[in-house]
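Two complexes follow with chain A in common, the first pairing it with chain B and the second with chain C.
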Partner chain A sequence: MRSFPGRAGVWLGFLALLLLLPHALSYSQQEILVFLTINILLVVSYRLLTLTGEWSLGHAVIMGVGAYASALYTKELGIFVPASMILGACTAALVALVLSYPLFRMKGFYFLIGSFAAGEIIRLLWKRFREPFGGPKGLKRIDPMPDFDIAVWRFDFFEPVSYYYFAAAVVGFSLWLMRRIERSPVGLTFHAVHWQDKLAEASGVNVRAYRTLAFVIASGFAGLSGALLAHYIGAVNPNMFDLELMVFILTWTIIGGTATIYGPVIGCIALTIINEIVLREIGLEQMRPFVYGLLLIVSVLFLPKGLESLVQKGLARVARAKRGEES
Partner chain B sequence: MSEKFLEVSGLGMRFGGITAIDNLGFSVEYGEIRGVIGPNGAGKTTTFNVISGFYKPTAGSVRLRGETISGLRMYEVARRGIVRTFQHSTLFTEMTVMENVLVGTHMRYRPNIFSSIVGRDAEDRRRARTRATESLEFFGLLERASDRAADLPHGHQRALGLAIALAAQPEVMLLDEPFAGMNPEETKSMMSLMFKLRDSGVTILIVEHDMRAIMGICDYITVMNFGRLLAEGRPEEIRTDPAVVEAYLGSARDVA
Partner chain C sequence: MVELLAQTGLNAIYAAAYMSLVAVGLVLVFGVLGVINFAHGELFMIGAYVVVAVFADFQMPYVLAAAAALVFVGAVGVLMERAMFAPLRENPLGGLVASIGFLLICQALVSVQFGVRMEHVPPVTQEVIVISEKVRLPVHRLTVILASIALLSSLWIFLRKSKFGWALRASSQDREAASLQGISISRISIIAMFIGGALAGIAGALTAPLISVNPHMGHSVIVAAFIVIIVGGVGSLEGAVVASIAYAFVHTVITTFWDGVIADIVGLALMLAVLIVKPTGLFGTADRA
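== the complex of A and B ==
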């Protein structure tokens, strides 16, 4: 802890940056920042799911389950908004628990297809049932976060800056929770199930229960991200959670890397910058699928361990330099 | 009274048209070292796979202290005290040696997600680590605790497989060719560790092709051939059993 600025210093600086960031941006960029914050929760929750080795194609829909559920709880039952978000997250986790019974009879490729099919069935239900899901047009006029005051600060959650602070606090806390889980013996068991499920089972690990556990927790956080989205936009519809969003999640994850918790975060930030700033500014939005495909191929070929591997190398260099200084 | 410690009876295992085990029966007493030998393809690994719950037998049963355990899932069998190792080095290769062995402690210190989050499992984590450290020390792997398992030399990898199993504090260990790929020196020190394990109350079943080792450590030997029981007896009886010599040792005369 002798070294300046020290760990706590780095974190404080980071926090200040997050607080000041929206004030350096335009209104539309602030809106993008809100979406980015929500997507970070989504993609980190996806990584948690992949820890046990299974990649799902239903994650975008699970996010939607949280969004629909939280919206309906406020609309139909009059539940107070932040509480409805937590209930929405729990609903997504519960749906995942139910889905896990058929899905975890399958592995690998079959699980991938199975999870996609399960997601499409849920989307079909949203489209099919006008009551309560609103059919293909979805739900509109969803309650926003109620305004409130803390001391002299007034939070009006129609303002992207206010909502950004709220979302960032929720996402920050969720990331901390997921990190704590991963670093616990539960997280070690997730990794064990991933690398050698037979040996894990011979060591007394109920492999299927742990796969389910990771799936359910990840789905809960995905549902929370959906709820955050629903009460910001004020509307949800089945097409928001379609295969395109799932492809985004996969791209962020693969380009960022999955070895660390910050890998997918970097992937998500990098692609959002490319997407929203570069492509939009130069008017190449139509080219988006092409650009994404290209980036994916380039990253798989030249950076198979993701953007995070660059950071890891950088950190290792800093550590070496420090050791050099000391000796 | 005559309830056996571990009893295999009428065991059969068919894969489609192949009969890997056929009407196999034997029993093991508490605290012994039992060798299971036989030519390649005799069904030894399959027998271990059935006892450990990896396969469900197509006939017969396995009983531990009178309780039928055949048909249970592998983790359920493990939780009843039977822990196995695998024929080929099967490890969590991307994890550190210490993390590998910590997975072995899973059954004793079942992780709980809620106490992990609020930080109330510090005591369990400390005990698990102590247990893992003991197990590594037993197999002389402590200095390598923070190495990646994939980076260990072959002999150490075999030992790590045993250390993971021992960390689970099993009553019965099923060891599938633990000495494979070890040099004579490593084999010798591993043999003395087997005696130490047995003396600490672990019953050991061991499949091994290294006859010198088998004859040296086993109290009793079960010989299989074509999925069936061929002979049973003390090492010196097996060595001179004409049927065994013909079926098995005949091709490796130098052993006797």
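== the complex of A and C ==
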């Protein structure tokens, strides 16, 4: 027995909401919406990385690798912008593959510190070498997405609404892909590697290869989010991808929770709303790190499974109520 | 050339002196609590701001400001232990994440109170020991070196000779066995956090008149401290001191003859190399992660 709206109906309604959402917002809120969309891809890719049980501190820099690579491909080689984004994502995945050889000799805390060191080295290289990375000031005047028309809608990518539609499509497709990966035998092995690594190893699973695979895939999507960001703001610099961004990624992920794919998304949306709407309204933007820090501590202490655990409890209650009605 | 080398050596000894204070505190806390305190650089920063408040703003004597930094930052350390690390005792990753949260709170509070701009701390003394024309040692740097030696020696004696020191070392070797011997882990953790915080605070206070004091100064300190504790071996206090000296020399020499960013890159690469070859560090024995 299916309830009235049905699964397809819910998804269609959700899609309509996403399409209409930017038109209900002011210009600056539309811009925030674009950043939020890009950050959602970033946090969900980070969750994919944590599935195998290793927490990296290099993810922000990996995002930057995608941003720098895509920007340089368009600037130096004249590659068409959407193609350069995919190449940027591939570059980030490739860099991750190279880094995985030294990094996956380490585990736990050592992996954390090692990934931080590796990322920081890359970031300092951008800072140090003016050619081709532009030094501390970074790259400017990065080619935007070329305009085009689909039916009646003219996509002018300086408009946040147009870029939002584009980014949302890319992010939506990426999330669907990551979900498929997680549900596939490969993804189930990621979970096995995390929770039962000795048992998985004894059953003939190459634990290190699966950790590497998760790291590389996650880095590819992080690179894609970086490329989306670079061609939207048109400039990148080393400080955009520093420890502060990494702390934000951690905060979004931990406050949201990592058990489900929507956990980090909830965390990212909730904190963006708190930050951009609540704090901006009362004029306390300066207190953003304070609020983030406090929420991080409170959530680790009192809600270790994240906001998603509240959603799961809510859903379970609804399901129980429904069963109660039926019987 | 000889003079330049001599001057670089003096600069390196000074850098090694305050780095050892920071790194030893971080290692001590990791050994006893099993938590990597990411906010350790911010404890250093708070120490420097105590000097800004007490010495520069209220015009109190510098020695008093340094003592205040030692006690105050030690107390901040105890607060961290009671509020965050104790409830998360069985969850080392949670402790690390909470310390990142604490780092953000410290930066925000200091920014709101003092502003994000660089603070100027007036020099305590202008005197300079002139060894030769190009080799000079400001007296304040000598003070930092001597104070650091004094503090670390007294810590060493405390750890070797006192009952608390024995208990502290026992719990860093094996927490469960130590608690079976009747050692109160929570009491020992408070003492370790006080010492760790106080060392970071006094390091910040000692160097405040010599470096640029700003709310984000903890970042470079914590990065250097990580390099030092990885190279020196996580859990080894002597290793942390030796590695501080080695790192300070390498970093200072490269900064003098090449440039600072390259020096940072070399330091991080060195740490990665150690992690790859021997993940427990060159002097490390304990492996708690």
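Following the convention adopted for this analysis, the second predicted complex is superposed on the first by the 326 of 327 C-alpha atoms of A that agree within 3 Å, B and C clash if a C-alpha of one lies under 4 Å from a C-alpha of the other, contacts with A are read in each partner's own complex, and residues count from 1 in each chain.
We adopt the following convention: a contact is a pair of C-beta atoms (placed from the backbone, for glycine too) under 8 Å apart; a residue touches a chain by one contact, two chains touch by 3 or more.
Just so you know, these numbers come straight off a predicted model, no measurement behind them.
In this overlay on chain A, chain B fits alongside chain C without clashing. Contact with chain B, but none with chain C, is seen for A:A202 once the two complexes are overlaid on the shared chain.
Look at A:L279: by the touch rule set out above, it reaches neither chain B nor chain C. Contacts of A:I233 after superposition on the shared chain: neither chain B nor chain C is touched.
In the superposition on chain A, A:L21 makes contact with neither chain B nor chain C. In the superposition on chain A, A:L296 makes contact with chain C only, while chain B stays out of contact range.
One geometric descriptor of the composite model is the angle centred on chain A: between the Cα centres of chain B and chain C it reads 80 degrees, in steps of 10.
One of chain B and chain C touches more residues of chain A, and that partner is C. When the shared chain is aligned, chain C comes close enough to touch A:I113, but chain B does not. Looking at the shared chain after the overlay, A:A192 reaches chain B, while chain C stays out of its contact range.
Of the two partner chains, chain B is the only one that A:L177 touches; chain C does not reach it.
Of all C-alpha pairs linking chain B and chain C after the chain A fit, the shortest spans 13 Å.
Residue ranges of chain B in contact with chain A, taken from their complex: 52, 54, 73-75, 78-79, 83-86, 90-95, 99, 102-104, 106-107, 109, 111-113, 116-117, 121, 124-125, 128, 164-165, 168.
Of all residues in chain C, those touching chain A in their complex are 36, 83-84, 87-88, 91-94, 96-98, 100-105, 107-109, 111-112, 219, 223, 226-227, 230, 234, 259, 261-262, 264-265, 268-269, 271-272, 275-276, 279, 289.
Remark: chain A residues 55, 102, 105-110, 112-114, 116-118, 120-121, 124-125, 127-128, 243, 247, 250-251, 254, 286-290, 292-297, 300-301, 304 touch chain C in the complex.
Touching chain B in their complex are the following residues of chain A: 177, 180-181, 184-186, 188-189, 191-192, 195-196, 198-207, 213, 217.
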